[in-house]
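Consider the two complexes below, in which subunit A is the common component and subunit B and subunit C are the respective partners.
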Partner chain A sequence: MGVLKINGKEKPFADDKMPATIADLLSTLGVDSATVVAELDGKIIERDKFGKTPICSGQSIELVRFVPGG
Partner chain B sequence: MDKLIIAGREFSSRLLVGTGKFSSSFVMAQAIEASGAEIVTVALRRVDITNENDDMLAAIDRKKYLLLPNTSGARTADEAVRLARLARAATGINWVKLEVTPDPYYLLPDPVETLKAAELLVKEDFVVLPYINADPILSKRLQDVGTATVMPLGSPIGSNRGLKTRAAIEIIIEQANVPVIVDAGLGLPSHAAEAMEIGADAVLVNTAIATAADPVKMAESFKLAVQAGRTAFLAGAAGETKHASASSPLTGFLRDQ
Partner chain C sequence: MRGDPKNLLRLEPAKGGELKEPESTPFAGVLCYFMSSITEKLARSVVGVAGLGGLGSNVATALARAGVGKLIIADFDNVEQANLDRQQYFTDQIGKSKIDCTVENLRRINPRVEVEVHNVTLVPDNIPRIFRNVDVIAECFDTAAAKQMIVETVLTKTERIRIVSVSGLAGYGNSNAIKTRRISPRLVLVGDGQTGIDTCKFLTAARVGVAAMHQANAILELLIDEISP
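Right after this comes the complex of A and B.
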């Protein structure tokens, strides 16, 4: 089993369900990648690299997007 | 109306609007349209991965409006810089409304952390629009490090109390060589007009529009007030006197001397 820390919360994945890339993770979570910014272990990952950026158990991922604000 | 120029970019509208607190994305989009604004602010937050429908900003036409991400929620310079970098990765644009507000009760900006973050962000080629208390010395320090504007507050965010800092803002305007955008606390169109009449280059309004009974109508009234205030500033206000000064002739009265 693998674990990813997503937005501060640990989320377990069965070995055969572990997403391989950030793009995989977003599709598993049902999040539209067009509106999301990702940070992997504190480093910003450009959107066009989501499909090429491998992730593995133990890593910390922040997924953020714009929300209404003043 | 004359153009507003920020960091070399021209805008026809001198009203910036925030996107927070609207009852729906439909009302928000309509109000933005009615305001005539070309710059709209947004915030950056964690995705709610349990809610697939939390993208409220899909209603904003990003080709028509310049999205100005803020760093709200940042309590330190480091947090603000991190948010600004994420926002740039999201939009591909390097404009940021810098906010560092460690105290949640009054949401007053931290001048030391704001200046520190501004210096770092300018070095990373951001166009920085810092939200500050109405402090003329801080305004000068910020423009000296290369911020694109200064954004002094009229009164605390969302308080709708108006231009309580007028005297300090007048000094800021007198000394500024970058646009002065009065941000926060403007609760009525008359507050916005007052800021423009004293020579502010623009104003930013959110709560007063978003929480009005009819946000679309209120957006339009702020648009008109900003136009009126700017035009009045350009017209040059007549001076005040303590005594009366008759507007009608003081000769030819229908009475014998």
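Right after this comes the complex of A and C.
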């Protein structure tokens, strides 16, 4: 089993369900990547690198999701 | 604080609206010193306002009233009748550019504020240049993708600029669900985080106003309490 800390809360994943990249994680969470700023272990990851950025158990991810209106 | 001179407007007071020097102050001693140090900090500050809709038109107004020295404002749009439900414009401004109308309105409020204008669409290529001299940017866009774009750009393509962004302000009521949260040293996020115009189909001056004043207040806090990194 793997664990990711997402916005301060630990979320467990079964080994075969562990997302491989940030893009996989957002897809698992059902979040549109066009609306998210992501920080992996304190470093901002640009949106066009979500699919190429691997994640592994034990890492901390902050996801800031934007909804429209202003 | 240099900008492109052609974009820099020194505001003249509106006719009949000249400001007088204050004759006396109600503050004395330490309190007077405290207030004057805040006034000086704000007068030296530069804030970028990205977008002049429901958020930006209200944030710019609040910052001018607070005495922020310079605003760098950017928008590409004109005032429409439908904007008057929440944006700081007036019926006689319909059809004019939001940039021109904001300058006109700020001039009537505080002719001492310096305003640099950019009638452009903000994109990753021009954001670092247009806002290079600001202390803080107010993200005042309406689409989620544009909000994402400017926050990501500021955090990855600039070194020290802080950004106050908004997510979740649609509908009415539930004022206290709108929070100001420090996400990271350079990012402050305002809003309830979930109520967008995609799910809640309308915006009100009141709830957008609550978010805009959270945003302006967070900016004042950054300018007064923290030295720009």
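Please note the rule applied: the second predicted complex is superposed on the first by the 65 of 70 C-alpha atoms of A that agree within 3 Å, B and C clash if a C-alpha of one lies under 4 Å from a C-alpha of the other, contacts with A are read in each partner's own complex, and residues count from 1 in each chain.
Basically, a residue touches a chain if its C-beta (ideal position, glycine included) is under 8 Å from a C-beta of that chain, and two chains touch if they have at least 3 such contacts.
From a predicted model like this one, the values you see are computed outputs, not experimental measurements.
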>> Going by the contact rule set out at the top, does A:Glu46 touch subunit B (first), subunit C (second), both, or neither?
In response: both
>> Which partner chains sit in contact with A:Ile6 here, subunit B, subunit C, both or neither? Use first/second/both/neither.
In response: first
> When both complexes are superposed, which of subunit B and subunit C contacts more residues belonging to subunit A?
Replying inline: B
>> With both complexes superposed on chain A, which partner does A:Leu63 reach: first (subunit B), second (subunit C), both or neither?
In response: first
> Which partner does A:Val37 reach: the first (subunit B), the second (subunit C), both, or neither?
Replying inline: both
>> I'd like to know which partner A:Leu29 touches here: subunit B for first, subunit C for second, both or neither.
In response: first
>> Shared contact residues on subunit A, subunit B side and subunit C side combined as an intersection?
In response: 32, 35-37, 39, 44, 46-47, 62, 64-70
> Which residues of subunit B touch subunit A in their complex?
Replying inline: 18-22, 28, 41-47, 49, 52, 54-58, 67, 69-70, 72, 85-87, 89-90, 157-158, 184, 204, 206-207
> Considering the complex alone, what residue numbers of subunit C touch subunit A?
Replying inline: 51, 53-56, 140-145, 147-148, 151-152, 155-156, 165-170, 183-184, 187, 189, 191, 193-199, 203, 208
> In their complex, what parts of subunit A are in touch with subunit C?
Replying inline: 32, 34-37, 39, 44, 46-47, 62, 64-70
> Where on subunit A is subunit B touching in the complex?
Replying inline: 6-8, 29-32, 35-37, 39, 44, 46-47, 62-70
